[in-house]
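Chain IDs A, B, C and D follow the sequence of writing; residue 1 opens each chain.
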Amino acid sequence: MTDTARYLLTSVCPDRRGIVAAVMGFLHGEGLSIDEAHQHGTPEGQFFLRIAMSGAVGAVPDLATLAARFAPIEAEFALQAELRDLARRARVVIMVSRTGHCLHDLLHRWQAGQLPIDIPAVVSNHDDQRSFTQWCGLPFHHLPASGDRDADDDRLLALIDGLDVDLVVLARYMQILSPRLCARLAGRCINIHHGFLPSFKGARPYHQAHARGVKIIGATAHYVTTDLDEGPIIEQATQRVSHSRSPEELVTIGQEVEASVLSRAVRWHVEGRVQIAGQRTIVFD
Amino acid sequence: MTDTARYLLTSVCPDRRGIVAAVMGFLHGEGLSIDEAHQHGTPEGQFFLRIAMSGAVGAVPDLATLAARFAPIEAEFALQAELRDLARRARVVIMVSRTGHCLHDLLHRWQAGQLPIDIPAVVSNHDDQRSFTQWCGLPFHHLPASGDRDADDDRLLALIDGLDVDLVVLARYMQILSPRLCARLAGRCINIHHGFLPSFKGARPYHQAHARGVKIIGATAHYVTTDLDEGPIIEQATQRVSHSRSPEELVTIGQEVEASVLSRAVRWHVEGRVQIAGQRTIVFD
Amino acid sequence: MTDTARYLLTSVCPDRRGIVAAVMGFLHGEGLSIDEAHQHGTPEGQFFLRIAMSGAVGAVPDLATLAARFAPIEAEFALQAELRDLARRARVVIMVSRTGHCLHDLLHRWQAGQLPIDIPAVVSNHDDQRSFTQWCGLPFHHLPASGDRDADDDRLLALIDGLDVDLVVLARYMQILSPRLCARLAGRCINIHHGFLPSFKGARPYHQAHARGVKIIGATAHYVTTDLDEGPIIEQATQRVSHSRSPEELVTIGQEVEASVLSRAVRWHVEGRVQIAGQRTIVFD
Amino acid sequence: MTDTARYLLTSVCPDRRGIVAAVMGFLHGEGLSIDEAHQHGTPEGQFFLRIAMSGAVGAVPDLATLAARFAPIEAEFALQAELRDLARRARVVIMVSRTGHCLHDLLHRWQAGQLPIDIPAVVSNHDDQRSFTQWCGLPFHHLPASGDRDADDDRLLALIDGLDVDLVVLARYMQILSPRLCARLAGRCINIHHGFLPSFKGARPYHQAHARGVKIIGATAHYVTTDLDEGPIIEQATQRVSHSRSPEELVTIGQEVEASVLSRAVRWHVEGRVQIAGQRTIVFD
């Protein structure tokens, strides 16, 4: 029996004729089968590509060889490309404060084998989620705010750097990241906002939604940038609510939406389905 | 065979013990059966009531008599009450500019006997919708902007006053109403905004939504106030959209949502199901 | 400071004039305030009522006294009524097999104080969910199938009877209940079916849905009756899926819908919001 | 200024390595740019492809030339392919009985330039929709049932054959097509069923849904086959309904869903986005 190599190519480049033919021809020449292929050209002239491919180990090149042979095409089309081995699971650190619904949802999916990630650490500025995290067999790091923001950032970055992290998920982490952290984690830090962005940025979005009298609430997963709640949106969902719901009931109703939205965003990110195009995202689902 | 009288009571008053018992006892004493009853007390201490009732003509008082006998209860509980005969259909003027999807939806429902309203006029600042309106057998009034805003308002108000109108529906009427019009039509003018308020107020909301990269678009029906797109929301709905949709496609997708939302808001209003509580609405559906 | 007594009246009776007035008048006479009131008359002539009420302890009768004084009204209108103290939490036994997503969702909500229930036991025919249940601090009963169905039923009923159980929740319990169990638990046993009933009854509904090529999958919470998957439906929800999803992916996508639907059904049941009318339910949400 | 030629390739073939590379390489060699590309391999081993492409008239071959040059690839991969000029609008006959909501929705979209089709005829077994159809400037054919089913079929087929029709849309046409008609229109006849298939096949689905007490109703657009309501599903949508809705209200609520679902199915079909795979459809949206 032969093992199967599964690779993923994601790329962005200026849109022009011949990209797909060149890439497909190359991959075919290397003996690879195309399992999934998505493309999108933006009105601004960027061209995004995502190709999942496979072949028998031995019959197809290893990843390093493939990448080396692909270099001329990258150069020709000015592709910014990433080639990954799909067998390697993304390493995801989850950050949380006191409220556990998003953390619990992510860890249950992970336990059930439904989220293809490794979780080297759960980090929190509170201690509430230690018990559940450890019951799941995962390391819990309690990093309370020390009052010295720079030192806190240093400690967090040291932890992240030491764990070789692909993605940081803010699963209801109720601290605003410093600009330094935002910059260091650019494009690999996802936050769940408990409001339907761009409405109701900032604090207590359900109370804002209640005061405004909206008939539908929502949640938004987005990449973190230095502009609070302004990063590129990955996924959103909404839920109808009636006039009879109190702000506290909106909080409860919304938690389910938050957990659902965040888990989809995390899955899509680690499967290489999300690409950033300015303030927008391309999601090849 | 006996005819049935069907009445509707809607009221708001300061919340205190005994309101429902007093009202129900009174209606029972007058020989009326309760067909539907809804109540809601707000955290701010207002109490809203909607009761649909019926009885055999002759066995129950006529509306004027009922109202007169109800007066002591109104006084006792400081009720602001409205008593209506449900047999009387609301008179609704529809205003539209060039885009007809909301108008067409409303008129088709009306033709199919699904919207219990009379439509004494369709008013437009353009002539595009004349043909369809007249094919429906309805009067079409073309009131183009003359350049003199006050005179335009006078003309419109004269028309509305002369037609004994209960409700004005802005079915994609692309003019901002003057403060005078807003004041005159307070609580009886519904607008459809083609965005998910409070996001994307003002012009070209689908283009705003596209630029921001939201994954869900929406529409909002609200009462018109002098604060543009800030009036109490009656109904909203949303629709998922992918990254591949252009602003123009969002416009097309959204039109269906707009028509659907507006028709529900109009129905609920004319059935006395909507009551205004500050910037919020109570919808007894 | 005075404590507040909170009571709930739910009732069904033949529809006739005067019920609401009589009940409301009675409650008012007993010094009670109405906090929530819902009513529904069916086309078949049944009248359903749900009234949540409150008053200062001492100023209003205790539950037994209230019930005794209410008896004449019950008799007059042939009301089948239930009067409960809302301070008493429902006792809910959860049954599960191997798959834990519904159990986990219910227990997390319970831990977060969002489900007003006591859970005297989690029961399973497998041992998989013991660890999580016990981490939650709850008793776990492993009742594997012994091969003697009657003896199994006896053991389960003894457990349920001994725990004074108000509701049994089948949270993905993959055994068909015997007619004897169905009868004994009539009206107080809720099942989550992982398909959109009445489509896809029985085993492997997601595989059935995939084979049929539906574009939307769903889940259904219903009361258990002897007719498999035919009991009165309490709640349903749906989720769009594309042609590219495998049956296994439908299973994963559907789990979220199942947990969400089941938790709403359980909440509504324990809050006395669900009443059975033949094969239908009235849900006063 | 140069005109742009826009072509569409849709194909199905046995899944094997190299299809995409061969097709993409061919199209590139012919000077064509890829505007949209979708692919899907089924578990059963079929491979579906849809490619929209364009190029300057003169610089790229005309359609007949392109098809001729493509023949060797078709042969090599056993492709069942269709090549079309996207400038040619599909010719769609709409059939309707008395209820007009789906017809009106389709015609309004067509009038607004949102459905890229030509409508050579509206056909009905009743006369109710003549006025609206003719107001839209379209030919209306009244073909009442004569009692002789074969003769009726002959007349209808003669009409359809004479009009060079690409698609027949049953927009609430309340007659069951004969097996002969189903066979003649296989793969080019779409029906809207006013129920959420596979639940509630056959007559009066909303009344069936009401009797069963479902909490969500739906509509289904599907290709017509000789098995009533069993053809491949193209699109579905659902809508929540409460216990308080009568069957008649479900009918009204459902009409909006029906019109919306049908219009999407028609659009996707005429844009070549739908391909049939056994009892399922692939929808490349």
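The rule is short, and it goes like this: a contact is a pair of C-beta atoms (placed from the backbone, for glycine too) under 8 Å apart; a residue touches a chain by one contact, two chains touch by 3 or more.
This one's a predicted model, so the numbers in the text were calculated from it and none came from an experiment.
Asks: At the interface of subunit C with subunit D, does the proportion of residue numbers present on both copies reach over half, so same, or stay under half, so different?
Replies: Mostly same residues: over half of the interface numbers shared.
Asks: Compute the centre of every chain as the mean of its C-alpha atoms, then state which one is farthest from the centre of subunit C.
Replies: Here the answer is chain D, farthest from subunit C.
Asks: Can you compute the centre-to-centre distance for subunit B and subunit C, using the mean CA position of each chain? Integer Å is fine.
Replies: Between these chains, centre-to-centre, one finds 37 Å.
Asks: Could you put a whole-Å number on the gap between the CA centroids of subunit C and subunit D?
Replies: The answer is 42 Å.
Asks: Listing for subunit C: what residues touch at least two other chains?
Replies: none
Asks: So with touch defined the way it is at the top, what topology do the chains form here? Options are line, ring, star, complete, other.
Replies: Shape of the chain contacts: complete, all pairs touching.
Asks: Spell out the residues on subunit C that touch subunit D in their complex, using ranges where they run on.
Replies: Subunit C reaches subunit D through residues 40, 43, 196-200, 211-216, 218, 232-238, 242-244, 246, 277-283.
Asks: Once bound in the complex, which stretches of subunit C touch subunit B?
Replies: 17-18, 20-22, 24-25, 27-29, 33-37, 39, 41, 240
Asks: Could you please specify the touching residues of subunit B with respect to subunit D in the complex?
Replies: 100-101, 104, 108, 112, 114, 131-132, 135, 252, 256, 260
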